[in-house]
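The following pair of complexes shares a single chain, subunit A, combined with subunit B in the former and subunit C in the latter.
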Partner chain A sequence: MNHFLDQFMFVALPYVCLFTFFLMTIYRYQMQSFSYSSLSSQFLENKHHFWAVVPFHYGILVVAAGHFIAFLIPRTILLWNAHPLRLYVLEVSALAFGLLTLVGLIGIVVRRFSNTKIRYVTTYTDWILFAMLMLQTISGVGVALFHPWGSSWFASNLSPYLWSIVILNPDISFVVALPFLVKFHIVLAFLTIGFFPFTRLVHVLVIPNPYLWRKPQVVRWYGRR
Partner chain B sequence: MNVRSQVSMVFHLDKCIGCHTCSVACKNIWTDRKGAEYMWWNNVETKPGTGFPTKWEDQEKYKGGWELNGKGKLEIKSTSRTKIIPNIFHNPHMPSMDDYYEPWTYDYQNLFTAPEGSDQPTAEPISMIDGQKIDVQSGPNWDDDLGGSPIYAENDPNLEGLTEQQKLQLSSVERLVFFYLPRICNHCLNPCCVASCPSGALYKRGEDGIVLIDQQKCRAWRSCVAACPYKKTYFNWFTGKSEKCILCYPRLETGQAPACFHSCVGRIRYLGVLLYDADRIEEIAKLPDDELVEGHRSMILDPFDPEVIANAKKSGISDGVIESAQRSPVYQFVMKWKIALPPHIEYRTLPMLFYVPPMSPVQASRDGDVINHISDNLFHDIDESRVPMKFLANLFGAGHEGVVRYALRKQKAVRWHRRAETVGDVDRAMADRMLQEANCTREEADAIYNLTSLCTFEDRFVIPPMHREQAIEMMKEPHEHRTEAGFGFVGGPHKGL
Partner chain C sequence: MASLILFFSPSLQAQDTPDYFRQNCMNCHTVGGGRLTGPDLKDVTKRKDREWLAKFMANPKSVIDSGDPYAQKILEESRNVPMPTLPGLTKERLENLLDLLEAESKLEESQFKGLKISNKPFTDEDRALGRSIFLGTTRLKAGGTACISCHSMHDTSALGGGWLGPDLTNIYERLEGRKSLSAWLMAPGTETMLPIFKDHPMDADEINSLAAYFESSAGKSPADPSANRIAFLLMGLMGAAACIFGFDAIWKKRFHSVRRPLVDTAPTRGHE
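What follows is the complex of A and B.
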């Protein structure tokens, strides 16, 4: 791939997407907070919902957390992987949760397509998002299958690249040599982040953490207390 | 003592004629919108019947309300704090549209566009969700006036504990009996919906106790729908937000009764302030089933008690509200006369809507004879009325008959007292004896009669000053507010971005 395209894909695009992400997320939260909703469709269809939504969420949460941990503590991951058995355990569980995500996502798309009521409440944005997530999950599973050992080379190559983006000193030498499937996965990841604030995905940002601490009853007064 | 005021309600079931005017008034004002078509913030059910959503009282199915766990702590049945995290993606006890009904309209256009033929064109029912033709299987009030009893009335969860004979009598020809149960949000003191919301979007207004859902904060986690045992929070399938009865607070704030109250043809609805002790909510909600009704009453405070008044002022309750509480018709029915009872208090949400249980025709099947009204037991027909006492007790007494029997006896005594007064065909001494046995005096009976039968608009609705202007003054200059008020959402609520 030529130099210019690499620069565009791994420097310009990430910044455009991240900028869009932060700007739009904050703008939407401030100006359109009514639109922040998971837009659950459980009410319209309650039987297949469980078998699609639950595997997808548990799968994607673990996979996303894995990516994030490898980004945060690459050294620890490399140390963990120094022992082959531990490496296999990590890789196999990553693949398992990736497949769980894929199964859930297929369930979600089939459910949304086959039930006319749910199809009616599914917007074009949703379909684009599902296509992106589907490609992302398939490419992720593909990477796990065909380019071992991802947990190690993520820590050694991708983590430094991502940090170079964070500290505003992008260094793409870590990623240019990676196989096409991995590059595709990275580019699509940034595109998804950029598209994120325009979709129902914003519900991820309003996870209800205070619930576990707050008093059971909520009382609001005019101005006081 | 932490005194708070609550706009409370009494529905006098003996006067309800089941006309559904309340439901229609509410529907026209609040829920005639996309995503809300199926919602009935106010609905009227025929009892015995399964209600709306179907069998809402069956908490084995819906898991609504509170329960006492092994350690004696109150926990939400559906999704307690520990259960919400693993279940947030799929609420295990969420009712679906099938439990309510799929809203539909008719394909009227076909009447104009159908090709010429030998048959009359018809307007077939089409779904209001996806526009597809639907085969209508159920709808609101599908079992109105006992329609489809074998499917609906016979499955009423309140029939639990009745003998087979009692159940048979309820549905046997020429002995059929039913009454109406109009329902709105109870604006509970210990609302399960509020406690269950992961986002903290639901709240109780401090000044008047109205329970609302902050539409800006609701994220469609759906916990409130599952948690409310009365199934009075609804999920808007279009906007992805939960909605519920708002007790027409914009009307209350401008001194008008809520639409369902205002339009009530039978004049069964009463509205007024009750003062209560907010420090005792948890203690009362934990009481054993048979002490709940009395316990609930014990936390409602006497608005004439100087100590209560002093504490109310200390809590910032204005003189106008205290004065309004003193004139409250709800206080009369619930506290003074004790003839209004909370619905299903065993759900432990401490509802603030009270029902005067309905009188029903006397059961005439006893040995095939006409029942003699004058017997040693003056109230035998209360115990032998066509609606079994146990059924009413399941609805209004957490399964215990005492409080219901008290309310019905007093109502009967009032009738006999008034009959002795105005018609004169019953013995005065007998009427007095009945009053005495029903724990009632002539004065009290006259007061009950007046507020039941001769009540004016002002008697029924004692709306407290809501002091909205004070709330506005805290935020901004009132004149500035006036020029900006009344616009609501810019562009109206819609789905997603």
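What follows is the complex of A and C.
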């Protein structure tokens, strides 16, 4: 039974989610290109906004980039980690940015919940997405704290698994024995990828790059609401 | 989709039975070479009938969990290290393995009698090299992952080793000495380690050095990881706090509001 559950979670589900991601992302861009936005709410509330959105975005960008780099060049990560001090520096930095993401995300959810105007412009999809991101961030920080050193075992166990998915020859032997929290984090990551095209997350694909260093500016909407 | 169908079908790879035994069984078993972590499999088919053996090999955990007394006895004798589920074990392969064990048991000397472990006493050099391999500073020749990624030892410095796997401080005693420990390291058999070391095995010198290092920790108590965990969390929190202060400093001149700056800069009435 467990064997089939693992097959479902780590083979079938990833392909369904990736397929949905690619298909629906293209479809939505074709059909509703103007919906490719996160619909900024800064115009409605500007004070709390900075303390929530900025930590969240810098946190998640660094953490996501870290996962992606470990997936792309696992041997280089292991080479870097070959000295305990360098391993500790990498792990502490990753944890710091993970916590930054968590603080930012809590800020975002509290702001959306406590401010009437913002609550009005928050959709059900947004709430589902926030719940998923919250669970994903908490489980990620949990993995960092309770199952170290992830940067090394990600490179040796998860990277080969993810590559096996990419080359259409899935090998789940690398993941079946990992602790529950790690499995949960992997499954939720794929679910988030599958949910991506239906949410405000699509703004990731159309972001103007200077966003990362220009001064924050207030945006207002021209559409309904 | 084709790959999905391929994956769900029983794996009938060309790998033959002796190779399969060598890769998946020899880290815990010999045939006629005495017990390692698991029992010596010489004449195993005489000790238990094939039906029971096939059931146990197909899913050791479920037979152990069912409370089967013989499975419990094996577990106890193996110092409570349960046999892992074997990868790609089809009915056909199971039968082939049992045939192989029967045939090998009849031989005077089986090809699976086991490793020839050196009896040379461990030196300080071996121990130092073993520690360096454990920490990752000396890389494993075949590219295996350093032990510290998932394990800790009594003398792993600073934030300690990983906690994905168990602390290895007393592993030399737990595996009952050099022979079992070395056999284990030849082809680590847990489900997490197997896929890593299957393609990146350690060589005899590396195994000898690691065994020397593990032997040197005999009788020491494992480090308490709670202080490390707290230190790690605090360092992460400090890093996150530093980033938040940094953002505020970088964007000090950001747009805050319209009215407040106007009020602050307006000349106050009633004063000169």
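Heads up, the rule we're going with is that the second predicted complex is superposed on the first by the 207 of 225 C-alpha atoms of A that agree within 3 Å, B and C clash if a C-alpha of one lies under 4 Å from a C-alpha of the other, contacts with A are read in each partner's own complex, and residues count from 1 in each chain.
Operating definition for what follows: a residue touches a chain if its C-beta (ideal position, glycine included) is under 8 Å from a C-beta of that chain, and two chains touch if they have at least 3 such contacts.
It should be emphasised that the depicted structure is a prediction, and the values quoted were computed from it without experimental measurement.
A.B. asks: Going by the contact rule set out at the top, does A:V218 touch subunit B (first), subunit C (second), both, or neither?
C.D. replies: It touches subunit B and subunit C both.
A.B. asks: Tell me the contact category for A:R200 with respect to subunit B and subunit C: first, second, both or neither.
C.D. replies: Only subunit B is touched by A:R200; subunit C is not.
A.B. asks: So in the superposed three-chain picture, is A:L5 touching just subunit B, just subunit C, both, or none of them (first/second/both/neither)?
C.D. replies: A:L5: touches no partner chain.
A.B. asks: Counting only touches as set out at the top, which of subunit B and subunit C does A:H57 meet: first, second, both, neither?
C.D. replies: first
A.B. asks: Between subunit B and subunit C, whom does A:P148 touch in the aligned arrangement: first, second, both, or neither?
C.D. replies: Second partner only.
A.B. asks: Scan A:L85 for contacts with subunit B and subunit C and give back first, second, both or neither.
C.D. replies: After superposing on A, A:L85 lies in contact with subunit C but is clear of subunit B.
A.B. asks: Thinking of the overlay built on chain A, is A:N46 touched by subunit B (first), by subunit C (second), by both, or by neither?
C.D. replies: both
A.B. asks: Taking the two structures together, which residues of subunit A meet both subunit B and subunit C?
C.D. replies: After superposing on chain A, subunit A residues 46, 50, 54, 58, 216-218 contact both subunit B and subunit C.
A.B. asks: Which subunit A residues qualify as touching subunit B in the complex?
C.D. replies: 28, 32-46, 49-50, 53-54, 57-58, 116-117, 119-121, 123, 125, 198-200, 203, 206, 208, 210-212, 214, 216-225
A.B. asks: Give every residue of subunit B touching subunit A within the complex, in rising order.
C.D. replies: Per the touch definition, subunit B meets subunit A at residues 74, 81, 84-85, 88-91, 94-98, 102, 127, 129-132, 190-191, 194-195, 197-200, 202-207, 215-222, 225, 235, 237-241, 281, 316, 467, 470-471, 474-475, 489, 493-497.
A.B. asks: Under the stated contact criterion, what part of subunit C meets subunit A in this complex?
C.D. replies: Subunit C reaches subunit A through residues 2-4, 7-8, 87, 135-137, 139, 143, 145-146, 148-150, 156-159, 161-164, 190-192, 194-196, 229, 232-233, 235-240, 242-244, 247, 251, 253-257.
A.B. asks: Quick one: in the complex, what on subunit A touches subunit C?
C.D. replies: Residue positions touching the partner: 7, 11-12, 15, 46-47, 50-51, 54-55, 58-59, 75, 78, 81-85, 87-88, 91-93, 95-100, 103, 144-149, 152-153, 155-157, 160, 168-171, 173-174, 176-179, 215-218.
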